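Working notes, beginning with the structure itself.
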């Protein structure tokens, strides 16, 4: 029964995918969308069943299908595991997935390839479920690469535009760089422990104390983290995520905010027993996370494309999650993943609603004053913005506060930088809100004429998500955390409750004050002084550096891409020619020897006879005298 | 020094001298004449071995048939004059070198291969009379013998064909 | 019934195709090749059931040579691959009109015969004959039905022919030497002889030359790209799909077990060379403008990885190599067929002259994409199984090999996606892309089905090849 | 019956044959006249025949002599054919100088 239901959970989106691929066009847009949504909804219901089951029995469900890859020392099975962590992830993946599918029915309605869009989305959900449910690292890897593929397909959904295709390609390749790291990590683990199964891996790592001194263990952890960097857009592999905004907005919401990019966090949490044993790697994770958080936030300060702002905000928030991971506070990171999924999905969907209303306009300088025309969008986005800014009592407040608190206890520098990042977050999010919804509309007359609130298929998901963004913090209140309690069996340790002292309250106050500070600056700048971000050509000074994302793309281009192409050119032009020339040269040499030899064969019998005598003499000498 | 040895040296001297003269005579007719003498001396060697039959056959085949053929051909081509142009010195040098080389090599080979002979085998059996040879030839070597006749036949036909004047070619 | 009937079937098929006339030739060829597929499956069943289908007959008593065919997991796997791919290739060329098509199809069948013979032979002399025999049909196929300027083509094809022929002569020398030592060329006898390290080195090197040219391993690859480009699609598929595998198969079957000491001693050198080929092929592919050349270099990278895996001398490496050989066979046939489908319509191989195909024919784009993704080893495709196993075995040899060879994961994605982007995506160009025909679709569907099925469930192949490879590993580790 | 070699010695025959043979070789290389070259070849053949007979006596075996017979038969055939060829060459070229015969060059 469990096995069948688990397969239903896994395969429902896949069936949706197959339906949309083969019959979607014939079935029509509405049917295609409904089937797509339903298939994810089925998965969601199946997940809730497992959630309930887990709550009642407390036993994870393991589903073994068949042997997949055999190696000399061990086999890798096709099997799935439904434990606390994976069910938690599945809940919000399928839940938010359903909402976004629903949203897309309306959002993508004008697109001629809507059935394909739903096919890809379903495929994505399928791979995401595989990623989460896999009971060993390699099954996870199937999902890991699969979601990358879907991300590629969806970013390049409007494939007529080659720039979008470039963005899609970039995303895939950046991910692949991380994937290589991940694979190497897998190899090391396989080599050390002869298994890739989570449970077995855990017991063998924990039971084998000799391996602790093995530097390979740290290398493995580092390699896994490189993989996570690629998928979760951390420095140095983050540049694909902002570009990925080329895809349709629901894609940005689902893949590039709520689910796929959290796969890195999922994986690190999964392998927490490994990272716990490698403190150096944990330090690296924390530092990388913090730097990413502040760098991405600083770039977000000056972006003018509404989706780019959200994208950098996502990178920054992911950085904060990695900060938590690096400090060993996995449950805190998970908490932030969930709240972030709520409010960021809501923000993206809201921005999608705005873009939809403006017929594709994404530049905030051409927006403004939409508050009245789109009240539902405005209020839902406002709630989410408050949540991401960390205002009491919205969800973001609790989760971000926990991260900063952990940072404070871990290392004061990390805390300071993290706090700066969150102040920046408050600033640019409110900048976004002010520019989009307040003051006067700055677009064309025609756009103004068509301004309207989005249909209910779009607003309902927004409302639900906003609601979740508002109250999501309840699942893990300090001192009495349901989430921590829920995850206890997974982490295999009783969670020591924070006891809330004066320090904690002070920290909360500082965080709130910081957020308010950010909001205040934004208010004074964009409401009081009514400033507008400068046009592209007028951006100067440090803002220009920020606007151009610290020229990281250009640097990568100059450092890696161009040399690679140069080498390729060199190989193709010269080395290939040389090798080929060498071979041809051998042929020519033979020819030349033949030509020279030809003149000896001049038909003179005397010469032949002479050669003959010499030959006979040589043979005789060789046979009898040597 | 026994008589046989004297005869041997005498015959050998004739053989080598005439062979050499054959080679260096300017006039082909002279060469042919010297060759005949050379063949006769070789026949003398055969007689020395007591191989009378072979000696006779040798005289008939070589001195008789082959030499007559040679002479006829020379006459036919009207070559009885000393008109051969000289070869280049390089060719001559090459000839001398190969002569020396092959001479040296073969002698070296034979000397190296020669067993230390204390006494020669002497079975006392008759092994080279016509009677014995005939038996060997027609028993053990029956098939090659027949083939030799075929060979001669073929050679005859071939010769006729080759030396026939082609009518089509003017 | 022993395995020789498949050879007879294929040879007879070639003859029958020739006499069937231009009209019927392709159908006759397809029928016979499908029959050979059925025969291979029969052999597979017999083999799995443990029934001996080996064949051995005295051929020449002095020197002591046999007509010996060996059926073990490895050769059955290659047999299945060859017959299946031959059918696919034959079927895929139905869309082309060839002059003298009876000659063409008969040659393809004959080539299949020779290649199957190579895979099955258990006597080095027989093996050598088949090995060389397979060169003749492909030479004519490429020369007579190829594309591009006739002079240029002739140059490229003759280069290929002489190059590979020269390589195999070294192999012949090695076998003659081995014959003197062993007194027979039966594979078992060759495995059993004891050679000194010095002798092994030279034998290994001679065989390496033959195989390195065939596979090809950098720097012996310079025949490849041009030949692939000039040969007709079917010829390219035969070359890249099956003929390359002859080299790889021979490494596993002949080279490693005959000269294991040398193989171990110089393991790093040969792995290094192969890995260099991986990187080199990938990097060169980045800048290719001709689609068939690009695929040729990508193939170079992939087979480099396979060879590297085989030279690790571990069960994992060999198993990965065989799995990847099969997977690569299907993928590369699919890719070259896709190139051919485009060429049929656009009449060009230049990537710059393509583009906007997806918008015109989405079905083709999807199928091409799946094959391409398999080629970059996306998990759940067959190639991933092979590549994962290979990289894992390389890791066990040396972590740097794994990392360097692993760059193919990245670079492969770069050049393949770039190619896909410029060939398939973008606005529709001036050229009209007619929708793929049913016949073309069937080819793709078969290939994709194989790739996905074994990507998820490789156990049948695994069970087939593992005992045979285990035995070879034991042979390698003897003494 | 006495063995003649007892008196003369095997090695003397060998020397004689070798010298005769070498004279033949020398003649072939030295002369350009095809007929003389032919004669040189005959000298070489004779040298070999002589050695055959010598060894036949040495081994007290008739086989050597049998071979001489065959050798003579072959020589006869060879001379007949060879001279016929020469005659036809002479007819065509009006010369039998081998330096003029360069058709072997191909």
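Letters are used for the chains, namely A, B, C and D, taken in the order the chains are written, and counting of residues starts over at 1 for each.
Convention: a contact is a pair of C-beta atoms (placed from the backbone, for glycine too) under 8 Å apart; a residue touches a chain by one contact, two chains touch by 3 or more.
Computed from a predicted structure; not experimentally measured.
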Pair joined by the larger number of C-beta contacts - B-D, A-C: B-D
Distance between chain centroids, defined by C-alpha means - chain C, chain D (Å): 61
Chain B and chain D, separation of their C-alpha mean positions in angstrom: 5
Between chain A and chain C, centroid-to-centroid distance (C-alpha), Å: 37
Whole-Å separation of chain centres (CA-atom averages), chain A against chain B: 99
Sites on chain D at which at least two other chains make contact: 25, 29, 32
Set of chain A residues in contact with two or more other chains: 606, 610, 613
Chain B: positions in contact with at least two other chains: 87, 91, 94-95, 98, 102, 106
Chain-chain contacts as defined at top: A-B, A-C, A-D, B-D
Residues on chain C engaged by chain A in the complex (per definition of touch): 159, 162-163, 219, 221-223, 225, 280, 283-288, 314-316, 319, 356, 358-359, 362, 366, 373, 378-380, 385, 388-389, 391-392, 395-396, 399, 402-403, 406-407, 409-410, 413-414, 417-418, 421, 425-427, 456-459, 462, 466
Partner chain A, residues of chain B touching it in the complex: 87, 91, 94-95, 98, 101-102, 105-106, 108-109, 112-113
Complex contacts: residues of chain A adjacent to chain C: 21, 66-72, 78, 116, 138, 141-142, 144-146, 149, 152, 156, 159-160, 162, 165-166, 169, 172-173, 176-177, 179-180, 183-184, 187-188, 190-191, 564-565, 567-569, 571-572, 575-576, 579-580, 582-584, 587
Contact set on chain A toward chain B in their complex: 606, 610, 613-614, 616-617, 620-621, 624-625
In the complex with chain B, residue positions of chain D that touch it: 1-8, 10-12, 14-16, 18-27, 29-33, 35-36, 38-40, 42-43, 46, 49-50, 53-54, 56-63, 65-66, 68-70, 72-81, 83-88, 90-91, 96-97
